[in-house]
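Next, two complexes with subunit A in common: one pairs it with subunit B, the other with subunit C.
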Partner chain A sequence: MGLLSRLLKKKQQAADITTPIGSKRDRMIPLYSVLVAVAIGLPLWWKQTEVYRANLPSEQMIAWDSNPPPIQIPFNFMIEWDDGLEPSSDLVLDWDTKIENRINSALMKDANNDRLRTKLPVSLKFNLQRSTGKNFDTLKPNNYLVSMKNHEKGQNSDKHPLLHVTDTRKWIAYTTKKKSSETLEIFEKSVLNYLVTEQGKLRQSVVTKDTQGSSKDLHAINYSPKYSLVFSLMNEDPESQITTWDIEGALKQYMYPLLNKLSIMSDFKVQSQILRYTALPIPPIASNNGTYITSDMLPNFINSAEWNMASIEPVAPTIHFLLYIPKTTSRPLVIKDSNLVSSKTNGFMISQWGGIHISNPPSDKQVYKFGTKELQPTMEVFVSQLRELLGIQEVSITKGQHKNVKVDELSPSNGVTDLELDSLMCRWLIQNIRLAASTLGSLDRMIISLTNMVVHDSIKDLVSDALNRLDQTVHVLSTGELSNAFTNSAFASGLAEKAFFDPDMVGMLYFPDEHKYAIYLPFFLPATMPVLSIIGFRLRQWKKNRGTKKDRSNPSPLKKPGNPAKPHDE
Partner chain B sequence: MLGTRHQNQSRNADGDSDVDEFSAPLLIDNDPDSRIQHGSIRVCTSRFWFNYRHIANTLAIYRTVKRLGIPDSNIILMLADDMACNPRNKHPGAVFSHPNHEVDIYGDNVEVDYRGYEVTVENFIRLITGRVMPDTPRSKRLLTDDKSNILFYLTGHGGEDFLKFQDAEEINSYDIADAFSQMWEKKRYNEIMFMIDTCQANSMFSKFKSPNILSIGSSRVGESSYSYFHDADLGLTVIDRFTYVNLKYFEDIDMQSRSSFSDLYSTYDTKIIKSNPGYDTRHFKRRFDQTLLTDFLGAVAKAEITEKSYPLQRNITRDTSKTGSNTAKVRCGTASVGNAIMYILYHICLLALILLYLCATCFFFNNGV
Partner chain C sequence: MRLTGIYLACLSLVGAYGGREPSQETFKENLILRPLPDGRLLAHFVFDTEIEQNQSLPLQHYDLFPRQISEMVQRYHTEELILSFTQGTWRFEDWDTPPINEIGSGAQVLAKVGSNERGVYGNWKGLTNALSGMFCASLNFLDHTNSVVPGQTFKLPKGSQAQGQYFGVYNATTLLGQLPRENVCTENLTPWIKQLPCQTKAGIAALLNPHRLYDSDFFSMGLSFKPTCKSPSCEEIMLSYTQTLTAVLDLSRLMDGKKWSLRDIFDREVRNSCPLARSSSVQIIYPDTLNLQLESAHAKPKVHEISSFLKAAAFDLRNESVLDLQLSWEPFKAKTDNSAWISAHRFVLGHGSENGGIETLVTNNLPMHLNITYFDLIPWYLHVYAHTIKIQAHLGNGAIKELDYHDFQYQQPKIRGRPAILEFGLTLPPNSWTSVQYDFDKGFLKYSEHPPDANRGFNIG
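Let's turn to the complex of A and B:
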């Protein structure tokens, strides 16, 4: 009790103290507190509600998108000679530099003539070296070794020089001492022809998207660091015949060599399944022997409503391969084109989706097993389809040179020749650079246009990593390392995509004004009402005072009588 | 060009129709220009039993696109509530869009990708902009590219420039427009068809600024959209008028159909719809009367007969398969040698033990005796 009374006394005392001198200060206190609140509170509020936006290297991002540095893809050739075959130095001095210069100037000319509006200046660079006598067991992509062999020792059917472009990176040229310079000419022409077409293809692949790509491009699935392949055995009627397959053995024998070759660029995840009772949504047309479906019916072949083709891969593109076994009553089921000519392969491809092969096993057995051998025709169709789906294109190296150039266009052991593989790598490299550059440009434009979007430091890190990788790609290309450059470009596009699709950069970006009022009013209205009223009151008082000051020329407006704010003052 | 059908809009709502307020199913169908593949996504954002018709709208469109060849893997269906299993549903496990209850549009083959409380504005924006969490399964991702045509179908309760999600939040036309421009920026679509059935639906596409978007809405700004078919059995209306008119037209088209959007639009009867549907082709390059419905609603794959197969060697002699089997063989060999040694050692030991035992017993007995 004593404490309380003492407290009350103290308070009274304090009031007593403040009241006499408070007249001026009291009036200023609300103004000061408003000032302090505004001076501290406003910046604090501004800072607190500010959207965090990391400082992205905007100029670089835009530069890569709109004005990228020229990309030069190296092609390195080495020539080694059997004893005594090299053209004598007094005959052809510096033949290697001469060939190199001629091819490069032709490539340059071609690039200049090429009126394609590309978003990425791409050109090829040809390097030629005399072999240093090293042992080349494995040659890196875009590194080729041409061995000049004595004609008599090699193929001896005719004496013409012969350039054998093999399915590996080691080419062989059969020549004689007299014809060695002619052989070099053939080599020069073939390589030039090849490089010019490659250059054209590469530039075409980065042409501005106004012109639609060729139909070939539409089949192809874009580059992905990972693909998922699903092989399905579809049995329409397991009641009349049960089918099984030795898919593991067949894949190991026919598909894996190709996938191993491609694995330097992408990972492949292979799965297989057997589906039964897979009725066709389209009834095949009966003919005198068996049934057929026409090419118009093919788009509706896949019964997407009933066949379980769903993939569990979160992002990787899935490529399906179906081995379809029709019911025994409709066998043989064949595919006929619009002229009703039976297809040779009995297979067809659906763009960007996968391939289908229809097989008609003998229907006398109750259980039919596709062994590795029986699956070979199927696998050959699938390999051909996979090549098209990935965009592997046959290379053209001969043009009016057929007599002297022999090209291995097929690689029966691998499914892809090294030349095709390198060509694909170049195309994917260019596409990756373009994808990374355009993604960075899009990201920059998007962030600028959406001012409410939060941009964390992690985005900045990803972007600078991507830019580094892009610079690295160009740098590594200049040193001639294609596969290394490819890896960098794949990283660059992956990082750029990751930055663009970062899950943090989502939210309501547009707030209508009504929402803003609705949020701030409950906070500020109760607080601002008394403050505003006191400020208004003071203002009114000040005006009144000024009026009285003019009337009475009172030197002290604050001590004027009749101040209603402090009635106890009087 | 912004076309609307003129009709007197004021107060023509009669007793059986109630005003849309809350649900938004979305349907996305990606069908590349070259008619390659397709994908479709549907989202329903309406909760509560009385919004049965929004679920029914969405499911009916889902059935249509599925019939027209878009597989479930390319459809994203978002339903904000589970009407089939609602305790008030007199027909458990079934959803009907017509009072005659002939076709169960829920059925036993439906794949709802986002359901219940997963249907939020955030998830919707994440889905279409591709900024999903890394652990999101494939069925909840929109994996489209610059060759994809996408159909968005949204229905629910809305108002001018907004569409309610879950009766708790709303998406506004600016957010959708921003999301679409981000999609365009990242080449996530070739063309979009945006179809919306809600009140004042046409306001939802008025803010679009990205190219290649064709929009159709059920009603003008200031108008309500109304429901159709009261089902006395279920005690509510089962479909919306605008969706009903569309479905009726879709019923007659198949994968080979050549019907264009203007054919569809000309069937819109404002006497039935009771609002003025509108369309917007400002951002669309192709002509309205030359754009086929199946470009968005269906998926016709582009098939090509494989000309030739790739001749492969019968006996593979190179590459890893060989080295692999060799190493396996070697390993096999060493393993069998090891086993043999172990086998012999074991028998020697056993023999030694028996001999030792014999010796010991002999010794013991000799001594003992």
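Let's turn to the complex of A and C:
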């Protein structure tokens, strides 16, 4: 009590002694508190509310998106000769380098002439080597071996040499010593034509939006390291006929060979189910011979509300294949186009979803079992639909018919030729690089635009891993290894997507700036108001004080006459 | 289409996909109707799918067995799964023993989950998320705060090695998750029906009319998946998948009159049996003293006694074209030997928002001692005082006796972490009722932790 009163007294005295504005200490208190707030409070608050943002390699990310390095995809050919067939005159001694140069410059020219504006500078590179005499049992993707065989008399009556393009990576040419350079010419022409078409297709797959993409790509599902295939037998009416199928046997015969071939790039999880009472949401139209649905009714074919098609697979895209068995009264059910011409396959495809085949088994049996043989037409439809859904495209070696070149038909036991497989690998490689690059670019732009977003170190690690993988892809491509480069590109796009969709980054996005103000205002406004008002008050006083001081030190002649008036008033 | 040229040629490579014989699958459906003493009717639907599995995993090709369920249990290493959605309270005194075990209100998941690279909890999260997506329920909210590993309850008897055999994992963990507040509605029933081979198009499932089922006094639907050994040596394994639906319908409120046909009760009709079912039956179970009038235009039921005081009338649906069953009975009084052997009641004590208590009354209607395990899952925001646990048995002669518990286990709750578990064994005296009582403090909750419509209170199980 005594202390307080003494203090008060002292203050009173101080106030009495000094000017009415208050003591110097009093004047300094608000200033000090502001200083303390700024010097300690502000950094503390800043540190406390700071959002952790790891330092991402922003320049590299943007560079890959907007200005990526040129991608050169190698095609390695090797030629082995039967004894004495190789052209040996001095003029054609370095035939391999000559062919290589000619093809590469043609490819370069084609890429430069191309008016497509691509997001990735993609071109093909042709490498030709003389065989080192090694035994090639298995050839890696984009590695081809051309065997020049001695043309035996009587084996082929045709005078001209023949190039046989098989469905594996081993090609065979029949020739004689005389005709060897001519054979090389045919080989060169075929390969050039093949590579130019491939280059065109690849560049087409990465065009910018303002140039048209091919419609075939729209059906295809993007590359995924894992796919889930679900085969469903849909029986519209099990009361009139119960249907079962030997799906395992049929898959083994028709589907697994293709999947085995594709397994170098993706895993396929295969399942099958039987669904019953699957009524169509669209009633088929009756005709004098059974019923039909027209092609414009097909978009409504799938009854997603009632058919149990969902999958619990969280990541891998699911591809559905339905074998639809209509009820006996509406058999045969056929698909007709707008001109009412029946479809040959009686099947159709839904882009990026799957394929459907309608089958009309004989109605006389109570229980009908689709054996492996009965499933053959269905499986053919499914295989070709799967090829289209994955984006496997036919490969053309020659322009039109070339009598000297024989290209093998697609082998029935595989469902895909090695050339098609390599072509798919090239396209998926390019798509992966592009996807990784554009994802990284978007991620960088997003992080820059959202300043409040947390960026953990894990994101940084993912991004730098993805960038490493991209660089690695380019590096490995230059050494000529396509499958290794493909693996790297798949990793790169996977990592980039993982970084982009990281759930940690999303959390903070829900808090807009208004939320921040709403939290800070009730805290800081009551505390700052008195400080601000006292500062304002002091400022006004100080100004006034300075004015009076000036008056005293430098009395104005104008004010003087006013002063004597005061005492007069009193 | 390009591949029309494909023809059968020699096939060499099948590789990793391997080959195996198709599994044997059977499907059975059964509807049990039971007139209840208070005039209500209990309808209990059972759909059983069994698959003989003499090969190891993975299952790939499905006929009657639902693909998604199998995909889910395989993916998340779930060896056993029981899921239930329940609404309403089972009245033990009036309705006798329930045909199902899961009668607690809300949603409940009980699963034996193995461990892999995701870990047990990762698999549990995956499983509940998958179930949540499949059944349009909030099961994804089953996390650390409401999932527990029970000690003794729900344990499988020793020697049941089917699970281990089936999955190659022997040390699976049993997890229990409860969402007492979960509302059950048509959106849960629709995906449940989708898993049936005939859906509602044929067989007894045609009676599943959501308007009538959800207008009932008690409703529970669920599914269970379980592998069992076919022989003692457990070389062959049977996977059984069961879907059950139980409803107690108040007929006098639904309609006038005393004569009810199946059509009146469900507003639907059974046309035939599901053509895929190996057996399809409708059973009416009633006390032998009851004068039950059964009329059916075509079919004659097979009546047999199932116990000294219960009779059953069974219709085989596979022989029927249309089952137009008519039932009528006079309200009757439950016989004492007919009522449930054991019943339990739990309620909250006290008032205010600081503290309270929970009392559970367990009645033993049998004239002999009964060994039971008391299991209680208490949310973390109730701070239970274990020293306040009081167990008193009220004997038939009016005497009160303090009961001793054994195998006592108590899991301390963690705030915003795990719930508390109270688990102990009791021996109930004959013809008695026992009260288990304990006190708790109500924890302090953040505003965001209150459930919507907070003044309605909390559902604690």
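Before moving on, here are some points about what is shown:
Rule of thumb we're sticking to: the second predicted complex is superposed on the first by the 455 of 570 C-alpha atoms of A that agree within 3 Å, B and C clash if a C-alpha of one lies under 4 Å from a C-alpha of the other, contacts with A are read in each partner's own complex, and residues count from 1 in each chain.
In the analysis below, contacts are C-beta pairs under 8 Å (C-beta built on N, C-alpha and C of every residue); 3 or more make two chains touch, one makes a residue touch a chain.
Please read these numbers as outputs of a predicted model, since none were measured by experiment.
Put simply, more of the residues of subunit A are touched by B, taking subunit B and subunit C as the two choices. Within the superposed three-chain model, A:Q376 lies in touch with subunit B and with subunit C [touch as defined at top]. When the two structures are aligned on the shared chain, A:S295 is found in touch with subunit B, with no touch to subunit C.
Residue contacts after overlaying the shared chain place A:G347 against subunit B and subunit C alike. In the superposition on chain A, A:A310 contacts both subunit B and subunit C.
When the shared chain is aligned, subunit B and subunit C each come close enough to touch A:Y254. Of the two partner chains placed by superposition, A:L322 touches none, neither subunit B nor subunit C.
Of the two partner chains, subunit B is the only one touched by A:H219; subunit C is not. Judged by the touch definition given at the top, the superposed model places A:S442 against subunit B, while subunit C stays out of reach. Touch criterion not met for A:L389: it reaches neither subunit B nor subunit C.
Once both structures are placed on chain A, subunit A residues 252-254, 256-257, 260, 310-313, 344-345, 347, 373, 376, 380-381, 383-384, 387, 410, 412-413, 415 are touched by subunit B and, in the other complex, by subunit C. Residues 209, 212, 215, 218-219, 222, 252-254, 256-257, 260, 295, 298-302, 304-305, 309-315, 335, 337, 343-345, 347-353, 355, 373, 376-377, 379-381, 383-385, 387, 410, 412-415, 438-439, 442, 445-446, 449-450, 500-510, 512 of subunit A are the ones that touch subunit B when the two sit in their complex. Looking at the complex, you find that subunit C touches subunit A at residues 1-17, 19-20, 22, 60-64, 66-68, 71-72, 75, 130, 133-134, 194-195, 197-199, 201-202, 272, 275-276.
Taken together, the subunit B residues at the contact with subunit A in this complex read 32-37, 66-67, 69-73, 109, 121-122, 125-126, 129-139, 141, 143, 145-147, 161, 172, 174-175, 178, 181-182, 185-187, 255, 299-314, 316-321.
Every residue of subunit A that touches subunit C in the complex is listed here, in rising order: 230, 238-239, 242, 244, 246-249, 251-254, 256-257, 259-260, 263, 270-274, 276-277, 306, 308, 310-313, 344-345, 347, 373, 376, 380-381, 383-384, 387, 394, 409-410, 412-413, 415.
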